[in-house]
Amino acid sequence: MSKTIQKVEGITKESTQEMIDKVLAVYPEKGRKKRSPHLAPNDPESGSACVKSNKKTVPGVMSARGCAYAGAKGVVWGPIRDMVHVSHGPVGCGWYSWGTRRNLMSGTLGVDQFAMQFTSDFQEKDIVYGGDKKLKQLLVETKELFPLAKGISVLSECPVGLIGDDINAVAKQSAKDLDIPIIPCNCEGFRGVSQSLGHHISNDTIRDYIIETREFPEPVGPYDIALIGEYNIGGDAWSTKPLLEECGFNVKSVWTGDGELEKIAATHQVKLNVIHCYRSMNYMCKVMEEKYGIPWIELNFFGPTKIKQSLRKLAELFDDTIKEKVEAVIAKYDPQMQAVIEEVRPRLEGKKVMLYVGGLRPRHTIGAYEDLGMICVGSGYEFAHTDDYDRTAPEMPDATVVYDDASELELEEFAKELKPDLVASGIKEKYVFQKMGLPFRQMHSWDYSGPYHGYKGFPIFARDIDMAINSPTWSLVKSPY
Amino acid sequence: MANNLGLAVKPVTETPAEEIERVKEWINTEEYKELNFKREALVVAPPHACQPLGAELAAHAFEGSLPFVHGSQGCASYYRSTLNRHFREPAPAVSDSMTEDGAVFGGQNNLHEGLENAIALYKPKMVSIFTSCMPEIIGDDLSAFIKNARNKGIVPADMPVAYANTPSFNGSHVHGYDAMLLSILQSLTAGKKVEGRCTGKINLVPGFDANTGNFREYKRIFDAFGVPYTILGDISDVFDSPLDGTYRLYAGGTKLDDAADSINGKATINLGPFTAAKTYGWLKDNYAGKHASMPMPLGIAKTDAFLMKISELSGKPVPESLKAERGRAVDAMTDAHQYMHGKKFALYGDPDQLIGYVSFLLEMGAIPYYILCSKGSKKVEKEIQALLDSSAYGKQGKIYMGKDLWHMRSLIMTGPVDAIIGDTHGKFIARDANIPLFRFGFPIFDRVNLHRYPLIGYQGVINMVSAICNKFIEVVDETCEDRFFEMMR
Amino acid sequence: MANNLGLAVKPVTETPAEEIERVKEWINTEEYKELNFKREALVVAPPHACQPLGAELAAHAFEGSLPFVHGSQGCASYYRSTLNRHFREPAPAVSDSMTEDGAVFGGQNNLHEGLENAIALYKPKMVSIFTSCMPEIIGDDLSAFIKNARNKGIVPADMPVAYANTPSFNGSHVHGYDAMLLSILQSLTAGKKVEGRCTGKINLVPGFDANTGNFREYKRIFDAFGVPYTILGDISDVFDSPLDGTYRLYAGGTKLDDAADSINGKATINLGPFTAAKTYGWLKDNYAGKHASMPMPLGIAKTDAFLMKISELSGKPVPESLKAERGRAVDAMTDAHQYMHGKKFALYGDPDQLIGYVSFLLEMGAIPYYILCSKGSKKVEKEIQALLDSSAYGKQGKIYMGKDLWHMRSLIMTGPVDAIIGDTHGKFIARDANIPLFRFGFPIFDRVNLHRYPLIGYQGVINMVSAICNKFIEVVDETCEDRFFEMMR
Amino acid sequence: MSKTIQKVEGITKESTQEMIDKVLAVYPEKGRKKRSPHLAPNDPESGSACVKSNKKTVPGVMSARGCAYAGAKGVVWGPIRDMVHVSHGPVGCGWYSWGTRRNLMSGTLGVDQFAMQFTSDFQEKDIVYGGDKKLKQLLVETKELFPLAKGISVLSECPVGLIGDDINAVAKQSAKDLDIPIIPCNCEGFRGVSQSLGHHISNDTIRDYIIETREFPEPVGPYDIALIGEYNIGGDAWSTKPLLEECGFNVKSVWTGDGELEKIAATHQVKLNVIHCYRSMNYMCKVMEEKYGIPWIELNFFGPTKIKQSLRKLAELFDDTIKEKVEAVIAKYDPQMQAVIEEVRPRLEGKKVMLYVGGLRPRHTIGAYEDLGMICVGSGYEFAHTDDYDRTAPEMPDATVVYDDASELELEEFAKELKPDLVASGIKEKYVFQKMGLPFRQMHSWDYSGPYHGYKGFPIFARDIDMAINSPTWSLVKSPY
């Protein structure tokens, strides 16, 4: 998916570095030294990361990062619909992550789908005397009140690790007693530097407790694949899964959007893992590759250009049946997508977007904006690693600014300098930029819209971007008096 | 068969549709309700958050105050995004990003480095520090840390730094608000008490309240009286700031000078009284002037009491304009009473708000049927029970302290009500029961502007009457048979 | 067979169910629409009333003014009950109860006797007389009748008596309002013009508007400016009076002295400009000071213009508090734009309000799709078309002058929209089309308190945004599949 | 339905007369002379009217009366659901009477039910040149657009009669041309002194254009009756019709609530006319009695006492089959009604009600209030005749005030004097009394509630009266400061 190096008028390595230096000047020396390696002009030619990443957040800088628990509960475990996910510890963590990620789910709440907040609601006495006994009791009650739950995840919050509880032992015993998978996940928020470790820990628990505990009753077929790192935000999986099926694949399981525990557990049987969000699930892809010899491929489902490239790249791994179907699918949808572009692009041509998100979006969405005629003038990740930035370099125009774990001040100053027509970031940033009069879309939650993935998603994405940038409300910002 | 993890391998199964249907019905039964109420360890969908969230709200409520989370940055992100979503406004706050090594070395280094950076970057007039779990568990000594920071010159000598211990395993957002507010007032008023001085102002302590319209309404009421006042603390401009092309990191809040001088106030009114109990206890001992603690002015009677208290404390009569407003609110209630009379409501939320809703509903002849507080107390229960006992319409009311929304669901599915008053989290019950949810609580994630409409005072009465009655009428319009679809209602 | 009336006797029949089904579908077709738009004589469900209704509203708007219907008492009952139902307030008015003999002898006796009784019983400060059909047809000479009444001493010499011809077979309630207002102002200001005198006040003529909240908002705006004003005429207290145990026959209204002195005003702003065109024409020729005629301040731009005009006329800057309100309204619009952007609306109502709604919708990126005015004019159409032409979102808008709600139904059933803005009478279409009706117009018979929420000004913008967007969200919440039912919206 | 004479403590002929004199004193001499005969203390023993009635309203007194058009459109014709009712003249009259009477209807709006406002919307030119031509065209258009309408009524507004249009000729010709009954009704509002003449004129047009134009296809049975003067306010007819059917009757037509033109046209075939609203329809009962020998009986469907009496009185006219069924019905419902009374009466015992309504309610509802333990301390009609007051005298307690075509001032002053616990009147009075702090129910429209008739209605009536009087909002009226 390489492409020619793009330039943006007025943006040079020097101008970008100057902009970076200007904001760094505000920092005290120590802070400046720490932040400096995380900010740099992009060098697409190098094809590799221009910034450092996955380091501790500098204290006091107003970071957008979450924690390991957030990565475990919000990202990996939470979307599995047929399990009860217990936020083990004080009430807050589960409360904040209750219904706030938009990983949509099928099923009936409290019956065979469990999107409520389950918590052990630690009190002072649980801190003093430990929470293991309470956990044991809680698991019994969960099984009793929610008999159709296929399993229970126990997601530790900070106090659990700090007071030395042994949830692993409790889970083991209770799983036996209750005859139901109970997965202890030591994802205390203080672990690691961001939600990223939460993903890793969760991947590890899938490896240790889930995978290969089930098998599909039907024989394995040549087109059996799994869709990994697809969380069904705003219904994304309900766009991508049918698309892959239309291309001739059997999508045996989705990790973990609208996910089902037993299908995830049987994923060791598929022929290929198709991964979308590399950051949060590459660990398990690698495990499955090593352990079961399952190859994996990274795709991009944003915007017709990337979708087309991705589908063809995927088809390359299969026979002509698939190749023909993929071409037929492209032939069917591409004109529809072009119609969308024709409608919207005249209103968006040349508009500049600045991205700051998590997961795969800071690089994966660039092509979709480009499909709309837009230019990416800055991008960065909340919790990425070097391999993410390596992959980002070729996607972004030359010398545009890259920021890792950006502080709000940095983003503000960059926006003031770059004057983007759109900022695409998270809820914590949204109203900051809107107050500045800058159009904004939440790109973690699709701003309560979606899906944005696949051919079903692109027209919605295009409509939303158009609406955000061209809403007449922006012309009202400046008072005439 | 066992896999290479040593675990048994079973086939992938599908839950039979009949089984799903059975459980679907079962969770709506009395039997299930009983089982559900037997729970002792598991808590499902409790409508309260943890202390630091409330602390952040208090920390935002003062001019130039930067909320500072001593703990993991993930905690701060959670609090901030909750406030972002509710107000659809920025909620700038920092954390000192403690990680594993904090557990070993304590959080002083993080705190000091965080203060240094935050002050340089965000130029606050004061820093308001509160804790999330980690420092609470490891026992960080905030008092000492901050003293050290001052000694090391990290914090300018004249910059107030408040700090509150807000353990998440204790109380709720309401208690965190109280603790932070207390610390802010203590730190701002330290050494400011002047014997014999009187600001002539009334201090108002509204407690945890995420309705900016309420704050504007308090101010309008004081202005109508012509009585000077200081609200401790005032979130109205902070979380309802103009969109005019300029982002203001600190968009409002109680002026620090006013807050400092509030200790020399003419009088102090604490509304609640559960929401800022500790703060009020300290104020009573330390603030000059008279003190009064009274319920939130929700409904007519409690608004009357509030106005009469202002009148008593200020020596000014209740202005005619407010008296006319009272008459208009009573008019609105009377004109609409038939749409609410005898209707049963399920309520949940923070104690003081519950008391207010109960009072208002009884005034309308409506029936507060289930009153649930996931962080209540015997004292709260007693107060609500006394209200219920005061009215014929309170007889059927049942109070549930320390219960959650999964309990509430069982109650409503087995003994129906006409509507729910609560926050966004109740929407799943409302859908299952096919009844309206009135979003008077916090947070509201799925409607716009509701925090801009006051619920307190006489205007609040009109707003509650309008929201409730018009929705009930709408339900009739939308669900009645054609032959009952009418022009007039 | 013929009956004893000489009429044919047929058996009682039932319309076959298939026939009913066929017609049910047929009335939703393009074919039907075309037929429907061919109508020339039949008018079905027009959303406008007759002149005297508007005249009564104007007559209520002045201190101690007794509305007096010269005509049948049945007419008066109709006007009064319309106002009762809309405001849920008293609407005291008398008539002189003309009957058949009026047709023979004219209505002078009724008028005189009526004045004598009304003045004795209801002790008005002035009487505001307007006509229903009968005297208009028979050609009663009101001017002469009233002169005679004065001569006979039936009316005290110093009691102002206004009178307006308000034929029901001409114009609508809006024109009746204009005619009555003009006469009231003419009668009150007669001989009051003092050369060189300037009250320093701005006169505001809002025209026919049955939203008391709008009037309170105008006053709040002038107060925020610190600019003295006289509203001609002010219905806010008249139709939003307190319930405090005392019935006030005359509960408010523009003070007669202020109205009389308004001829010496510093400036006069006419809002509309269709709603009080005649009055404004006369004011311009007869009132001192500057004059301005401008649209109702609905939406941001038109509110901006209004405030700038006040600023220009008063020489005072727009106060910071209103500027902040502007920013908050724009903030509310921006936060909510995604819920309205691209949504299609059908609108109907009075010309000036339509212009305002169109302007507001375009500001939100919504599409005013059908704009219908049952009593419009070429001039109104031109004005609306100019607005539509000014925005990309106006391109699809189609204007229908002189059409009725049965036409609107055909439009909506054949070319759907997302919502309707209108008055209560649109509810049947809204139900058939299964879309929301926003009751911004007059009358509202089936909701409470809506007339208490201003639509004008920046606060009005927030109210419209809230009502519309929250309803759209609610529809999603209520109609989506389970799997799309979400916490956040 | 006679009963013993009731007394109300503190109310004597003298006290009532004093109260009347006090209010009359406010009038100028001429007005006082005119109003004086319309106000008097009740004399139940006399069994006859104590006041004059059906006179011209005194000009300038703020009367609640309507006009002949209102009586025709709103009361008699409007409720017939399968006809188009054209308000012929200016737009207003039809607009004001559009959906404001609550005569509910079955069917589908615009298809086989026509509750919209149909108007010829007279303009200046129609006044000058006459409206007959427009009417003719309008009738064609109506037939074309509403093909399932069984007929069209043309209801004249004031200008029509004054300019000398001949709607009767137009109707006759168009009826022929269009092959549909078209009924011209010369109910101009200036005719007569109140809506009462509108009823009469409408009755006459039914006589002249409708009755005996249809016949029921099935043979006439012994229990065939018609329900006359039942307008289905808030669904009343959907209570009374099934009740009569439960008693063994075939209710062949209802006049005119949820009415059907052809069934009304065949009513000459019934065995008995049961009339509820005597005032508005006694004319046609008398016509049917004279012409077709159909007897009629006045019943009262308000409150269990009156319902029971009414049903037994009705049964008296029939055989044992009916008598047994009626007793069974009474035995079934009476205990249910007593249960309602037991629940509500303790909260209403001794409460005083003041009535001022139209039609039958000022006398017919008294028994229902008494069932609730309440006392009627004043009553009067907007548009009654002497026969109405004759019937009222025995229902009201001794010496209580009776007022005919009361002015608002009179009602206000009487209420101040009598201090009723409830005022039951119309929309124009409602807010006046509420502002005085007096509980109020609209008794024309059941205040948007209902039905109030029959056994289905009484529990609703009881609930509403209880709610109105005991709403805690009343205790808030007086400010504590």
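List of remarks:
All chains are identified by letter, namely A, B, C and D, in their written order; residue positions are counted from 1 within each chain.
In this text, contacts are C-beta pairs under 8 Å (C-beta built on N, C-alpha and C of every residue); 3 or more make two chains touch, one makes a residue touch a chain.
It should be emphasised that the depicted structure is a prediction, and the values quoted were computed from it without experimental measurement.
Set side by side, the interfaces C-D and A-C show unequal numbers of C-beta pairs in contact, with more at C-D.
Chain C and chain D have centres, each the mean of its CA atoms, that are 31 Å apart. Chain geometry summary: the mean Cα position of chain A and that of chain C are 53 Å apart.
The distance from the centre of chain B to the centre of chain C, with each centre set as the mean of the Cα atoms, comes to 41 Å.
With each centre defined as the average position of its C-alpha atoms, the distance from chain A to chain D rounds to 69 Å.
Under the contact definition stated at the top, the residues of chain B that touch 2 or more other chains are 85, 88, 241, 243-244, 323, 326-327, 330-331, 334-335, 425, 428, 445, 486-489.
Counting partner chains per residue, chain D has residues 98-100, 108-109, 431, 434-435, 477, 479 touching two or more of them.
Under the stated contact rule, the graph of chain-to-chain touches falls outside the line, ring, star and complete shapes.
The touching residues of chain B, counted against chain C in their complex, run 85, 88, 237, 240-244, 323-328, 330-332, 334-336, 339, 424-425, 427-428, 431, 445-450, 452-453, 462, 465-466, 469-470, 473, 477, 485-489. Chain A contributes residues 98-100, 102, 104-109, 235, 258, 431, 434-435, 445, 447-449, 463-464, 467-468, 470-474, 476-477, 479-481 to its touches with chain C in the complex. Considering their complex, residues 26-28, 30-31, 56-70, 82, 86, 89-93, 95-100, 108-112, 116-124, 126-127, 134-135, 137-138, 141-142, 144-145, 147-148, 157-159, 162-163, 189-195, 208-209, 211-217, 262-263, 265-266, 291, 407-409, 412, 426-428, 430-437, 477-479 of chain A touch chain B. Put simply, chain B touches chain D in their complex at residues 300-301, 304, 307-308, 311, 317-318, 323, 326-327, 330-331, 333-335, 337-338, 341-342, 362-365, 391-393, 482-484, 486-489.
On the side of chain B, the complex with chain A involves touching residues 3-5, 7-13, 15, 19-20, 23-24, 27, 32, 35-36, 38-46, 48-50, 52-53, 68, 72-82, 84-85, 88-100, 102-103, 110-111, 113-122, 132-134, 137-138, 167-170, 172, 241, 243-248, 405-406, 409, 425, 428, 432, 445.
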